[in-house]
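There are two complexes below, and they share chain A, which is joined by chain B in the first and by chain C in the second.
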Partner chain A sequence: MEVEVKKRTASVNVVKIKGEIDLYQSSFLRQKLSAYVDDRPTHLIINLKDVDYIDSSGLAVFIEAFQKLRTKKKQIVLCALQKRIQEILSLARLNEILTVADTEQHAARFIK
Partner chain B sequence: MTRRSREYALALHFRSDPKYLSQVRRQTFQLARRAGFNQVISKKISLAVDEACTNIIRHTYKGKESLPILIRGMNHLDRLEIRVRDFGEKLDLSTLPDKPSAGKRAGGMGLGLMRTIMDEIIFDTSVAMGTEVCLIKMKVPKVKPLKKVKKERSRAKAANKNKKSANKKRINKAKLKKHGSRSQKKNSKRQRR
Partner chain C sequence: MTTSLPDRQEQLSNLEAAQEASKIFNALTDRDHVASFFLDMGCRLLKARSGQLFRLEQGKLQEEASTVVAQKAAPKISDPETQFLKKIFKNARPDILALKKQWLLALPLVVRSQIWAVAAFRLTEAPEKKEAIYTGMALADPAASAIKNIEFYQEKLRAQRMATIGQTISILSHEMKNRLGVLLGHAFLMNRRLNKKEWAAAQRSWSGLHEGLHELQEYVLNLLSMTRERQTVMKKTNLNQLMQKTVKEFQVKAKKKGLRLTAQLPKHPIQVSIDVSGLTSVLQNLIGNAIEACDKKKQSIQVKLAQDKEKNLHVFVKDTGPGMPPEVQNKIFNLFFTTKGHKGTGLGLVICEKIIKEHGGHMQCHSAVGKGTQFEIFLPSHLITH
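On to the complex of A and B.
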């Protein structure tokens, strides 16, 4: 799995993830995100265009980030989800909690 | 990881190292395809098996990577049965949540996903050592009770409505920012006159 972080604006970072997110990869992702969630919290746009698999341990990373950022009045928006990932998200009923956008530009509009 | 396929359609024996999970998914996906399930359902079945293994590694083995996990798949006429077995402490069935997780917590999602994907899940603690989880997927889908279908539809409708209203509000706000409100425009016209 590859994780690339780009600055969009001063307070918004875009995290691009490539590959599969399972128990083996989720700790690496958690570690990568912690810089933008724990150390210097910013709004996060998570681009999942190149992610073709995610399990509950991967989803847990996003929920943890969502809960931590919410306390710091920051937002996390998922975008460009493949159909399969959208299905997994709705199976876990996370589409009721996490904000999901079609594109990165669309995701940026959700951030206040 | 070893693979034996004499008595079973699939038999995998591997160590509880998360790096093997991708192979487990691939093998169970192929098993489901051979059993006649389409690609989408086969992927979901492999996700359910992945979740069962993940639960064993995280909760039963507490992250230890060298303990054994055994997966056996049986292709019956009417159903696909996949048994995932650990050799740790027996699972306390009273600690399992009754309902699928609503996804508000970071933990407990795996079992919820397994329950949603599979038709039946049986936890067998009568085995000599550890626990065996039996995941069953019927080849002819079970008919959902009408109440459940209606509930799901109304939930989906409500979610759609919420999304639409949120979008409308956002668009209206954006318009207001761009063009200003009508009253503001009138005021500015009057001032100009």
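On to the complex of A and C.
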């Protein structure tokens, strides 16, 4: 799994993830996100275009980031989800908790 | 009452979502995140305006966590609602309180036959009681287990930490007591000899006192280097020369014990960027240990430097001494473990390992009783400078 973080604006970072987010990769992802969630919290757009698998440990990383950022009045928006990932999110009804957008541009509009 | 097909589908979808949520509860590492996520999910699946988690402390309800949907703050709990929630703490059964077109669903969070919290969801519409309770408990049960698991795990970690601290204090006090005892002995003798004007004898006590203080200082400095982050100063150096020099320093000591100490180094110089004083003290420690371990004349110690295909460096310190049984080998990198009785501190190898790890390498030990011991230091190729 590869994680690339790019600054979009002064208060928004885009996290592009490539590969599978499973039990073995999720702690690496948690650690990578920690800089933007714990140390210097910013709004986050998570681009999942190149992610074709995610399990509960990966979803937990996003839920955790969502909870932490919420207390700091920051948002997290998932975008460009593959069909399979969309199905997983709606089965778990997480699309009702996490904000989901079609594209990065679309995601940016959700951030207030 | 029969359930219509869309209702049935919604119920199934709720249960599927609850099942997925329970997997996420188990993957979360913070109890507050589990509580908060449980309330978030509860609000969505139960169509609730708000969700609150209460604990009962000395007969009073205490809010632990809350979540709201399209509202600013969690609503206040009225007196009849408080009585209702307290009843749930008593009988540990989920229930719904209907008051003036308001519905409060209360779910007990039970783990190992003990109720530790009650979740209260304020529903937006009149619920189908059985279904709402069924869906709610499908979320509440795994959430309660997950929170309790995290609490048990943290409690276990705390207990282990306390045990380690206790053990460390006990070992350190014992060590200090012994060393101070020796110093006091020297001081006492010196005092007596000075009073008797036995100058030569007083001089001997003074030397003993001085030596003891020096050892104590070294012990404390070693302890400090264990607990503090060491300042590693990476410097370009010729590793062959460093090893040759260190081996040379120990030749006299080895000869005195009738041991053969040799160095086998590559012909071409290997230039590396390392913490010179750190690596020197690792080599000194290993060679010193090997000399002390050898108990018969003509036993040998070999210090060797080799490179593998990936250019990684391997430093070996091998002796033909008595070797160590597996139960000793397993503990040699443990803090305060020593085989040298009162002469050892159990710090040397722990510090060595720390220094090697600071270089991105690692240490290994192979030993067989009656055959000898070999320490191997692995140093990654990126330390090599050309």
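Some observations on this one:
Methods note: the second predicted complex is superposed on the first by the 112 of 112 C-alpha atoms of A that agree within 3 Å, B and C clash if a C-alpha of one lies under 4 Å from a C-alpha of the other, contacts with A are read in each partner's own complex, and residues count from 1 in each chain.
Going forward, a residue touches a chain if its C-beta (ideal position, glycine included) is under 8 Å from a C-beta of that chain, and two chains touch if they have at least 3 such contacts.
Owing to the predicted nature of the structure, the values given are computational and were not obtained by experimental measurement.
Partners chain B and chain C, brought together by superposition on chain A, clash. In the superposition on chain A, contact of A:Glu96 is made with both chain B and chain C. Looking at the shared chain after the overlay, A:Tyr24 reaches chain B, while chain C stays out of its contact range. Look at A:Glu64: by the touch rule set out above, it reaches both chain B and chain C. For chain A, the partner that touches more of its residues is B, with chain B and chain C as the two candidates. In the superposition on chain A, contact is made by A:Tyr53 with chain B only, not with chain C.
Look at A:Thr42: by the touch rule set out above, it reaches neither chain B nor chain C. On chain A, the surface touched by chain B in one complex and the surface touched by chain C in the other have residues 56-57, 59-60, 63-64, 67, 88, 91-94, 96-97 in common. Across the interface of their complex, chain A is touched by residues 13-14, 16-17, 20-21, 23-24, 26-30, 32-33, 36-37, 40-41, 44-45 of chain C.
Contact residues of chain B toward chain A in the complex are 18-19, 21-22, 25, 40, 43-44, 47, 50-51, 54, 57-58, 100-107, 109-110, 112-113, 116-117, 159, 170, 174.
For chain A in complex with chain B, the touching residues are 20, 22-24, 53, 55-57, 59-60, 63-64, 67, 84, 87-88, 91-97, 109-110.
The part of chain A that touches chain C in the complex is made up of residues 26, 56-57, 59-60, 63-64, 67-68, 88, 91-94, 96-97.
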